[in-house]
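The first chain written gets the first letter, and so on, giving A, B, C and D; residue counts start at 1 in each chain.
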């Protein structure tokens, strides 16, 4: 089985830690390798960064694409790790060339861009995975499987959240790069908190339950002076089955790191998960026995989940393996499409549909907040 | 120091477990004793129930009050543990007679009733404590003290919740008494979930922070068929300082028992508390060190809190001691008013002001929900 | 049903907090009341202390006993809360007079004394309960029931511990009363740490499993200078079925409060309990699903346990209710003996047998430690 | 900075999951790559396995070594992942050739072999790291740094443990490969449980505190019928400073996965760590405030630890990154030795000294157990 050859767009700047994170995720399995990249906007910097990575450098994503088209550069898929505003163009270009894309979230700057990508993916039938890393955690995958399997009956309510504290002060004025682009409307879009981490809570609420949010009432706040976009994001939504979704996020919760999680309440039971204790899943049926499931390859998890595990139980797979699982999913899709034999089924990780839905959700929330909480269709 | 003599209104019916709970809380300290009661509506049943309690029985609260007025029955205060609809009349009657009242929550059926009690309390200067039991937990008291003392800076956001699962099915149709009156508008008022447990989350948000909720956007749901009132209660509120309060409650979270708690996010730190692990309080300042405080008499808690503890650290005081602390508060107020010497300061536990605010909040939430989430003044 | 009248020996000194703890436990249920006491050694102080308690005072336990014998004082049982050295004489005197005794642990100063009490209890058939408070926690009772019922198969190993930090410094030299008598051989016996809290770990290992410890290898340490007795206690024991018991305790674990608990490993499963989270019990069967059981009256606990609960699930009963359960047990034994009808079955809480076994265990451990860890018969 | 080229001995058999684990750890950082290997005993199988890994295969470790010596194969260090009995020979051979070795634990089959390796390492001054993976967890490293820095005063007692349940039944008879060689004296040495996981608990007790165990009293059990070696391992040890070490391990704790951890009690504070929640460290000073430290690159950890982190706080680095940290340590040692510039300091992870100490400890425990717990010098 030949290694898949991966290219990277972005990820090479100082402080752009996600490039290296993806590199680790790509190479965590021996079946993939990062081979080429257009890692920075500045052509010369881009080549230099590639040298640091030990891969073939290109001055721009177009140059990389040209090399692939000309046959000069072998490439099985690209991963896009640029800031939000710079997802759309390279994603579109590679998808149109039929090259699969694993793209960082949120998918694009606008709903229209996201819909455009969705159209291309549909037309070209090319694999596209949206890097909601946490959906790669086996216990989050198990939650989705359980709910689909009826374990907790019909879903009545979802409570999903993401509490962070890193933007409780004006970090962007201190020159911190991650803070700078995330709080800048030009580079991040119409919402900072909602787009960056509200979308994680949104995916938890909708991808895990399989239910869309139909309308939403929202209150967005900007607590830190001088900031233009929201740093606090609160919504109450209506699910397509009439249920309720509380989807909230904040960046001003001092001392909270990545407190992301969800509770799903069904007619027959409840499921709870916390990203910061990603290795376990709590399931209750109201019989006084709370069951905790643990990740790990020894136990009888559904095959759809078990095939994504790398180590025996009791040894947690965490951040890198979760992201690696998304790369595994696009890898499986690619190999399946090629007709390779013995390829395991890919888990239905988020793709363009979830990307479009997330963009619409954030847009509806921004609109509702401006209209003093009026219910707004997503 | 003579024992305070306590009377009880309600609490004597089968399944009315709160009567015995208050009895335990009253007698947990040797300085108080339950001596008399009008424990049921039916006069004969009331006398019989009193006999079971081993106290002097009266056929009605009026009869008890008459006996007190005539000097026939010594009484220092009454505790009212009837269903919601039957709080107002006895509370008013005793307060008007100058007899202190410790009353179960929610304070009354309507805002007007609550305001009437507040006026009497103010005019008569008679002690009144509202039995939000959880506020008697030392760690919840510590949270209030810390925030008042500036430990976390200015409050930006509060997230308080109460998740239960016991009404996930139509328990009221199965003849369960607690479920019957709580889901009956005549006996419980305009809101079931909001009034019964939403008020706990409301008190957590406002009493702990010292901040009022000014306006609110709400979505109330009734998930169980045949039910008239809400069994799910979701609100986003604006605090008087411009901050945001998420105050939510549900009774359909299968397998959740009394998952009540709060997170308060300030400019300098955060505080988190969970009723089901009431003995600890989590404080963060964003420096990578999360501090857990534990209840217990050995440690340097503020004197205002320490004087409410009964056992050394490592031995949890829980439900009964928490409620006992509210009785301790009314006891201290009574003894202070009488000029007894050496009486410790009473902690500012909830009273009529919190009762009125809670009723207004629930009413505003019901209104907002009917108006599709429109922001409504509290 | 008439209230049982309870007398108390000891518990009246300043800092003798356990007297008030027992008073609270006695009066937590309306079926018992503390009525009389010989609360201190000094006769005058004893009478004064009784006045503070609001009960009938006696200058000595003999005077109380005489009053009972003469019919002058009604009394259903006594509770003994003196320091270790002063358990034996009053216990013997009351038992010989046929009066039931609930006695603080450890039962006596020596094995011989404990055996003497056991003989009297057997001959007189008089109820005797040993106040290992933690055995009153419903989840510890559930653990015992589960193991007896075969839930985890045959027991192979028990790991029980008790970590405290309060004696990490020479607190006894600072005049702290609890520390003074516990570190004084005359008042506490041949072992401080082993006798005081090692016996709790011993009871966890043996009472919960129903298995005796046959022999033991021990290492006792005295870490704080100037101290005569052990403040650290480590043993490896052999259970009667050939299994192994790790029974350890320490008082020098800085910052640990009452970290007492056990893990029992059987052929088919494991059970784990922690006193500081007394309300839950963790059961595992090796199938990847860890089950947490929670205390609370709503759930289908065995009747033997459920009849000891006072509040619905989600509201923890903790320290006072646990001790109250031991008073409930002696109350049930007394009422049963008298032929009262409708009395619920008493749970087999620790009594003289466990007291004798505990004393023998501590003695064997002290001997083994002196013999450099040689296996010593218990 | 050129990538270090790594070779692997063993790790290629079916079920030999540690080979792939090391491969992941090696490639987690872009500065190393697995390039060659003698992955199985059978030469043909070895070549085939290498093909699967996508690396240069050799029929035997000698062949690989010859290729390195002849200059045919570039190699910076080897990692040895064979079963216990097959560590010594390749380790010795490569070390004698001056090639650094990262070797799985336990270091060898016998004390003599371990001492021989120690002599060679000393003489040749060649880097050697012993793969006690858990020591690569940043919070375990932080514990070591804190204790060395005096944070908890002088160490009085250590309690370290490792509870597993996977060998609670005769898994080796069911053909499970990991179980087979671990329970076979020829391939695993004189102790199964002690050697395999007791050594982890031993390293936690000694490496973290910096204190040697001087003598030990032990009880080893074999609970599963037909098994020759221990599956349960209990010791009480004396530390070189007079303190006490409880070092225990078991493989029959049904449902326990990798419950490894330690508590260190010092004169001024205590430190507690659990492998299954590896991302946090609990520190107490007896002032009622328990401090939890969390891993993560944003917080002010000591530079010695911070330089081993890869992601921001709130995203856990777990199993793979922990092992990768040991590869980082040998990498830093190698680069330092070569005089490369800007190389960060290597953390003092376990090496030959810890390997020799561990072997002596297990041997002393086996001896003591046979002598009925007699104190035995390590």
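Just so we're on the same page, a residue touches a chain if its C-beta (ideal position, glycine included) is under 8 Å from a C-beta of that chain, and two chains touch if they have at least 3 such contacts.
Everything quoted here is computed from the prediction, not taken from an experiment.
K.L.:
What chains, if any, are shared contacts of subunit B and subunit D?
P.N.:
In this structure, the chains that contact subunit D and also subunit B are A, C.
K.L.:
More C-beta contacts across A-D or across C-D?
P.N.:
Higher C-beta contact count between the two pairs: C-D.
K.L.:
From the C-alpha centre of subunit C to that of subunit D, how far is it in Å?
P.N.:
Centre-to-centre distance between subunit C and subunit D: 42 Å.
K.L.:
Would you kindly tell me how far, in whole Å, the mean C-alpha position of subunit D lies from that of subunit A?
P.N.:
So the centroids are 35 Å from each other.
K.L.:
Could you list the positions in subunit B whose residues touch two or more of the other chains?
P.N.:
Those would be 256, 287, 290, 294, 296, 298, 313.
K.L.:
Can you check the complex and tell me which residues of subunit C touch subunit B?
P.N.:
For this pair, the touching residues of subunit C are 3, 17, 20-21, 23-24, 27-30, 53-54, 164, 166, 256-259, 276-279, 294, 296, 298, 310-321.
K.L.:
Looking at the complex, which residues from subunit B come into contact with subunit A?
P.N.:
Within the complex, subunit B touches subunit A at residues 152, 156-157, 159, 161, 163, 165, 168, 217, 219, 221, 223, 232, 234, 236, 238, 244, 246, 248, 250, 252-256, 263, 265-270, 284-287, 290, 372-375.
K.L.:
Inside the complex, what are the residues of subunit D that reach subunit B?
P.N.:
Those residues of subunit D that touch subunit B are 287-294, 296, 298-301, 313.
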